[in-house]
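The data blocks that follow each hold one structure.
Common to both upcoming complexes is subunit A, partnered first by subunit B, then by subunit C.
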Partner chain A sequence: MSELTIPRGKHVGARVNRVEDPALLAGEAKFVCDLTLPRMLHAAFVRSPYAHARITSIDTSDALAMPGIEAVLTGSDITAYPLSDLVALEGLQKTPQPVVATDRVRFVGEAVAVVVARDPYVAEDAAARVEVDYEELPAMTSVEAAMGDDAPLLFDDLGSNVVFQTTRTFGDPDVAFASADRTYRRRMRGNRFVAAPMETRGVLADFERASGKLTVWSSNQMPDLLRVTLSAVLQFPAQKLRAVAPHVGGGFGQKMTTHPEEVVVAYLALQLGRPVRWIEDRRENLLAAAHAKEQVIELEAAVKDDGTILAFRSRCVGDAGGYSFNQASALIEPWYSATLMPGVYKVQNYEFEVLAVLTNKTPIGPYRGVGWTPGHTIREMLLDEIASDLGLDPAEFRQRNMVTAGEFPYKACVGQVYDSGSFIESVDKALEMIGYEEFRAEQESARARGCHLGIGISPYVEPTGFGSEAAQQQAEFPFPSHDNATVTVDPTGKVTVALSVTTQGQGHKTTFAQIAADTLGVELEDIAVVQGDTDTSPFGMGTYASRAAVIAGGSVALAAGEVRQKILDAAGVLLEIAADDLTIESSRVSVKGSPGRGMSLGDVAMAAYWAPTTRQEGKDPFLSATRFYDPKATYGNGCIVAVVEVDVETGHAQVKRLAVVEDCGTVLNPMIVEGQVRGAIAQGIGGALYESIVYSETGQPLTTTYLDYLLPTSTEVPSIEVGHLESPSPLTVGGIKGMGESGLIAAQGAVVSAVIDALDPFDPEIEELPLSPDRVLRSIGRISG
Partner chain B sequence: MGKAAITLTVNGAEADGLVEPRRTLADFLREDLALTGTKLGCEQGVCGACTVLLDGQAVRSCLLFAVQAQGASVTTVEGLAASEDFDALQKAFSDNHGLQCGYCTPGVLMTTRALLDTLSSPSENEIREALSGNICRCTGYHGIVEAVKELTAAQA
Partner chain C sequence: MKPSPFEYSAPASLEEALEVLAEAGSGAKVLAGGQSLVPLMNLRLAAPEHLVDLNGVGSLSEIRADDGGLAIGAMARQSTLERSTLVEELVPALAHAASHIGHFQVRNRGTVGGSLAHADPTAELPMILLAAGGRVTVQSKARGARAVEANDLVRGYFTTAIEPDEILTEAWFPRLEGAAGWSFQEVARRHGDFALVAAATVVRLDGDTVADAVIALAGVADRPVRAAAAEELITGEAPSAALAEHAADAVRGELSPTGDVHASSEYRREVAGVLVGRALSEAAQRAQAGS
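Let's look at the complex of A and B:
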């Protein structure tokens, strides 16, 4: 068997219930906030109330004098290197962020001191008593203001608030625009919205002085990176540092990067020699945990009268917030918008300009779909406008310009190589699921009764399985991205799979066990999956960028395949037959074709470990293998179609129906795939209609509770119909592609397009998202301002 | 700050505490009684993660002070998990993939328990309405609604 194929028994591809569920349902699963240690102390942060200010003095004496207070530290009390991004792209300016501000604050919510107390209530009381004097500086809350000629600088030594600017040209866009029959242009301010995982961030750190061991439990997606980062910024020996991500209540990218608070809590434990826990509250999460998505994007298209798109030109300006945030940098938004702008469309002439600009807002970090979301949304808005202007059906116009089935592998102009896919087919299928023809008829009759329905069609391609090649194709720098898995069969014949990827709810303990089960010929209940602990998991990058299924799936399949061979070799010796003539099924090793002749896997394993006769010259008898996998770039695709109803009196838009077709190649567990797709789409609905972090002109955040920052609930998210197509990747182990982000890449565009379609009779003008009732009414001139 | 003595019933057993008047019921349950199944998602009364039953009613334990539960009977997810009909709940949520990270899940289960006690043969809209106070960031609600539909159908 080639290393690219994985055996498909009864597990891979089956709708298997999750092994994670019982502990979570019973309330037994432990998240960071559920962990306590003897003598544990509680930390609370003092945060800047100003968007931009110089710290002139800090008086901690009142706070320190309170009973129950163990320590109050300011930035100058903390010995830690500042955090910075890891992006090696030429021209990107560095903006090191002290883990607690020392002399300057650049956004409301930046930590200026930290209080440690025996009781969390008392820690918060004391935090309120820390007196900080500030000299307020002018705050810039938009990229336009921050780019102004005499805009005050966030970092004086940089000479500009623009930390990155570049232009790239592919093909010949100038000629294409000059020869086009028509050109179109659109500008959009994409909303700042956030991951808002239900579990906020949290850290517990414990330092055992005598052994010198520092353990940090954190609600984090990349414990290995956290360990390496902590070791570097605290100058602490990595071999004595253990990072653990226990149960994590959602991450969606926000918990990828090392946040300053993680460093501070670890530092406090080191200094105080007692365990210290910090559990973020929701206000802090909305204030100070990485924000996401905000960009101002301009997009132009050059089009022929027959509906052929000749070229795009884009300008993506990312609103980075106060720092080019570690480790992903301020490019996490605009760069990815720009580089994936052509999407599923065959556009080979393209020019983009990317700018990343500092403002006095919370730093931007990764969030599911990174820059792809707003770029995708504006492109689909523009395509609707073009279709309507050309009098073409929006679906047909799109399909005419898409990469066709026979054209894979297809090299997009920016450099991505789409390995396989079903771009056109997924649109057909999604339209069929929604009943497109019938909908158009219904739309017309509804309009006649004053009911405004609209439909939005949003086909996507999703870069997945982020390994080194994908990093090169998408990020233009060869960030070596790989992961490992260790598969071990113990002497009783039971299996442990240790993963370097971590889970925040994606069901890894189930899906990766499914792969190991089929490869090894055992049942799911014979397998334990361990992950999220640097002491017991092999080193790896962790979970982000829709890579776990591809990379962990591949590395588990490879490692399990190697262990399978070792089992067969040992059994061959025991049964005196060639290993090639043996197979394993339901934990029994037997001769192919004569199932009666064989022995249990447990007996083989027992003998492999302990019977000297099974030892073979030159072979490693240990039934374990660790395999590294750095996959080729692979691309998932699909199409989302949304139907909305807009009340033109109140401006209220409601998603009535939503159908999605996803194609992530080989499906490991359809139930989990559907869950990921639906969950991501719900977030996209939020980004289209409800979710927005709002700042006042002086940089005061106005959305610091869930009453102001509106998340979609069960009454806003309709039942979502999911269809599957399977175009396995020819390049990855098992043909697996990722799919975790597509819903959030494409759903915002689908819903926004649907609202615009519903409002078509009113010629809506939409330049800002989300489409909250006031914005809808303004877009059709029902209210002004 | 002075402390008040409280006595209540939690998951069928008597629980005593000496608490500051400002201590929330959620913190009392989670920190003082080590019943960490109840989760906190916002402490602003919006997300429903902290939902417990107080004398049979679904309430938000982040919005109540522990002293307000004096004399009351509280059921948390740990109590629910020990109850007879938990198997059906567990099966319905697992079969329908009604949870991913599971952080919202204890609250969702408590709301579901209250819903099953109060609504008979609810429509999907009624179910969605009843669940609208429980925010889930992972699932898009589909699996949760399907699980509850299955449970209410079995009950009808």
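Let's look at the complex of A and C:
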């Protein structure tokens, strides 16, 4: 059997219930804020109320004098290297961020001091008593302001607020634009989102002086990277550092990067010799945890009268916030928008310009669908405009320009190689699910009654399974992205799967157990999946970018395959038969074709551990294997179709129906795929109609509670119909492509397109998102000013 | 998001509550459902020194028919308004409007008195009290009970005529009688959000024409307001779509709302007109159906 094939027994592909749910439903799952240690102290941060200022003095004496206060530290008290991004792209300027500001603050919410107290209430009382004097500097809250000729600089030594600017050309866009029958142009300011995980950030650190061991529990998606980063910035020996991500209540990318607070809390534990915990509150999460997605994008298309798209030209300007945020950098948004702009469409002439610009707002970090969301949205808006101008049906126009089934593998102009897919088929299927023809008839009759319905079609291709090759294809540098898994069968025949990817609710303990179960021929309940602890898991990158199913799935399959062989080898000796003639099913090793002749897996394992006679020359008998996997690049695809109703007098839009077709290659567990799809689509609906971080002109954030930052709730999200297509990757283990982000990449576009379609009789002009009732009325000229 | 330190008392009777409140002085605040006060304290936007918890004062939760209207104890939960047949019968607009307050979890805790005393300019209940022409009873240890008319209750953003040593004990709504119809309209970003704009109307017919009309709005000023010019404009006229449109325009002319992150001033003015138009049409239809 090739290493690319995974055995499919009764588990892989089945709707297996999630093994993690009982603990979550019973409230027994332990998150960072459920962890307490004896003598534990509580940290609270003092944060800048100014968007841009020099710190002239800090007086901590009042705070320190309060009962119950153990320490108050400012930036200059903390010995830690600043955080910086890890992106090695030429021309990208570095903006080192001190973990607590020392002399300058660049966004409201930046930490300027930290208070440590016996309880979190006292800590907040004291934080309010730290006196900080600031000299206010002019704040820039838009990329346009920050790029102005006389714009004050966020980093004086950089000479500009633009930390990155480049152009790339593929094919011959100039010729294509010159020869086009028609050209179109659109500009959009994509909204600033926040990932808003249900569990806010949180860190607990404990330093044991005698052993010299520092343990950091953090609500983090990449504990190995956290460990390496902490070791580097604190100059602390990595072998004595343990990072643990316990139960994590959602991350969505926000918890990928090492945040300054994680460094500070670890530092405090080292200095004070007592455990220190910090639990972020919601206001802080909306204020100081990484924001996401804000970009100003311009997109042009060159089109023939017959509806062939000849070329695109884009300009993606990322609003980075106060720092090119550590690890991911300010490019996390504009670069990815630009590089995936052609998407599912066969456009080989393309030019893009990417800029990343510092502003006095919270730094931008990764969030589900990084970069792709706003780029995708503006492209789909532009395609609707073109279809309407050419008098073509928007679905048919799109399909005409898509990569067809016969054209895979298809190399996109920027360099992505789509190994397989169902671009056109997924649109057909989604339209069928929604009942496209019937909808158009209903739309017509509803309009006559003054009821405005609209439909939006949003096909996507998603880079999944980020390994080194995918990183090269997306990011132009081979960010070495890989993961590892260890599979061990113990002497009783039970299995432990140790993963380097971590889970924030995606159901890893189920899906990866499904793979191991089928490969080893055991039941799910025979398997324990451990992850999220650098002491017990192999090294790896962690969970992000829809990559876990491909990479962890692959490494588990490879490691389990190797252990299976070891079991068969030992059983072959015991049963005096060639290992190749044996199979394992339901934890029983038996002769193929004669199930009566065999023995239990437990007996084989027991013998493999304790009967030296089972050992064979040149073979490692330990029933354990660790496998590394750095998959080939692969891409999932699908299509979302949304139906909305808009009240054109109040501007209120509501999503009525939503159908999605997801093709993530081999489906490991349809129920989990559907859950991921639905969750991401809810976030996309948020981005289309509700979510937006808003700043005042002076850089004051105006959306610092859930009263003002509006997440979609169950009343805003209709039931979502999910259909599956399966185009397994020919390149990855098991044909797995992975998924997770697609809903948030494509749902915003689907819903926005649907609103525009509903407003079609009124010629809406839309340049900004989300489509609040106010913006809807403005777009059709019912209000102005 | 942790409150600053405060004293806490849980009196068992109104007398005791008034006593504690009088003693505690101006730094004290009454705690009702806590749905507004507790978040404000957690954000440290409010830092009362002393909380006087009314949740143990059972006598304040009664709902009863009284004096040709409906008397509702201050501690009656907002969710009871939705379920009470007495409310549905006597002041149907109140039952309907209550279902727009937050989510059911919020309404299960939030109280009628708390909403009226908190006086959020977009809140449903103060607007309904104004539209209905009701009043509240407030009481202090020093001065005893007094009545405050709806149009005198709210004095500005989150500001009322209630003195620091007073407790709002009861709200009273006159019964909707005769050939009268009501309507409640609201636009919010999401279901359960505070209104961007809300409107409540009462239309009383005399034969084919409007005998008198009340148009109340929330979300368009620092307090719930009545659109007097529009009310006057339709009085004596026969209800029609054109009349409703006309009134809507008059309402727009009367208002100069303040904008915020959710909706601009222009939006609120425009949509106030839209909602008033819809509310007048619906109220007139109800009045015709009921007469």
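By our rule, the second predicted complex is superposed on the first by the 785 of 785 C-alpha atoms of A that agree within 3 Å, B and C clash if a C-alpha of one lies under 4 Å from a C-alpha of the other, contacts with A are read in each partner's own complex, and residues count from 1 in each chain.
One rule holds in what follows: a contact is a pair of C-beta atoms (placed from the backbone, for glycine too) under 8 Å apart; a residue touches a chain by one contact, two chains touch by 3 or more.
None of the values given here were measured: they were computed from a predicted structure.
Asker: Just checking: does A:694 make contact with subunit B only, subunit C only, both, or neither of them? Give me first, second, both or neither.
Answerer: second
Asker: Considering only the touch criterion stated at the top, classify A:784 as touching first (subunit B), second (subunit C), both, or neither.
Answerer: A:784 contacts subunit C only, not subunit B.
Asker: Name the contact category of A:247: first (subunit B only), second (subunit C only), both, or neither.
Answerer: Once the two structures are laid over each other on A, A:247 reaches subunit B alone.
Asker: Name the contact category of A:479: first (subunit B only), second (subunit C only), both, or neither.
Answerer: neither
Asker: Can A:281 be said to touch subunit B (first), subunit C (second), both, or neither?
Answerer: both
Asker: Would you sort A:703 into first (subunit B), second (subunit C), both or neither based on which partner it touches?
Answerer: A:703: touches subunit C, not subunit B.
Asker: Could you say whether A:650 touches subunit B, subunit C, both of them, or neither, answering first, second, both or neither?
Answerer: Touch partner of A:650: subunit C, not subunit B.
Asker: Touch test for A:121: subunit B only (first), subunit C only (second), both, or neither?
Answerer: A:121 contacts both subunit B and subunit C.
Asker: Touching A:628 in the superposition: subunit B (first), subunit C (second), both, neither?
Answerer: In the superposition, A:628 touches no partner, neither subunit B nor subunit C.
Asker: When both complexes are superposed, which of subunit B and subunit C contacts more residues belonging to subunit A?
Answerer: B
Asker: Quick check on the output: what are the common subunit A residues between the subunit B footprint and the subunit C footprint?
Answerer: Common interface on subunit A, subunit B vs subunit C: 121, 281-283, 705, 707, 713, 715.
Asker: Using the touch definition from the top, list the residues of subunit A that touch subunit B in their complex.
Answerer: 17-18, 20-22, 24-31, 33-34, 36, 121, 195-200, 247-250, 252, 281-283, 504-507, 671-672, 674-675, 678-683, 705-707, 711, 713-715, 717, 719-720
Asker: If we count contacts the way the header does, which residues on subunit B are in touch with subunit A in the complex?
Answerer: Of all residues in subunit B, those touching subunit A are 20, 22-23, 30, 34-44, 46-47, 49, 76-78, 80-81, 86, 89-90, 93-95, 97, 99-106, 109, 124, 127-129, 131-145.
Asker: State the interface residues of subunit A toward subunit C in the complex, per the touch definition above.
Answerer: 120-121, 124-125, 128, 281-283, 649-652, 690, 694, 702-703, 705, 707-708, 710, 712-713, 715-716, 772-774, 777, 782-785
Asker: Touching subunit A in the complex: which residues of subunit C?
Answerer: Listed in rising order, the residues of subunit C that touch subunit A are 1-5, 39, 43-44, 187, 189-194, 196, 261-264, 266-267, 270-271, 274-275.
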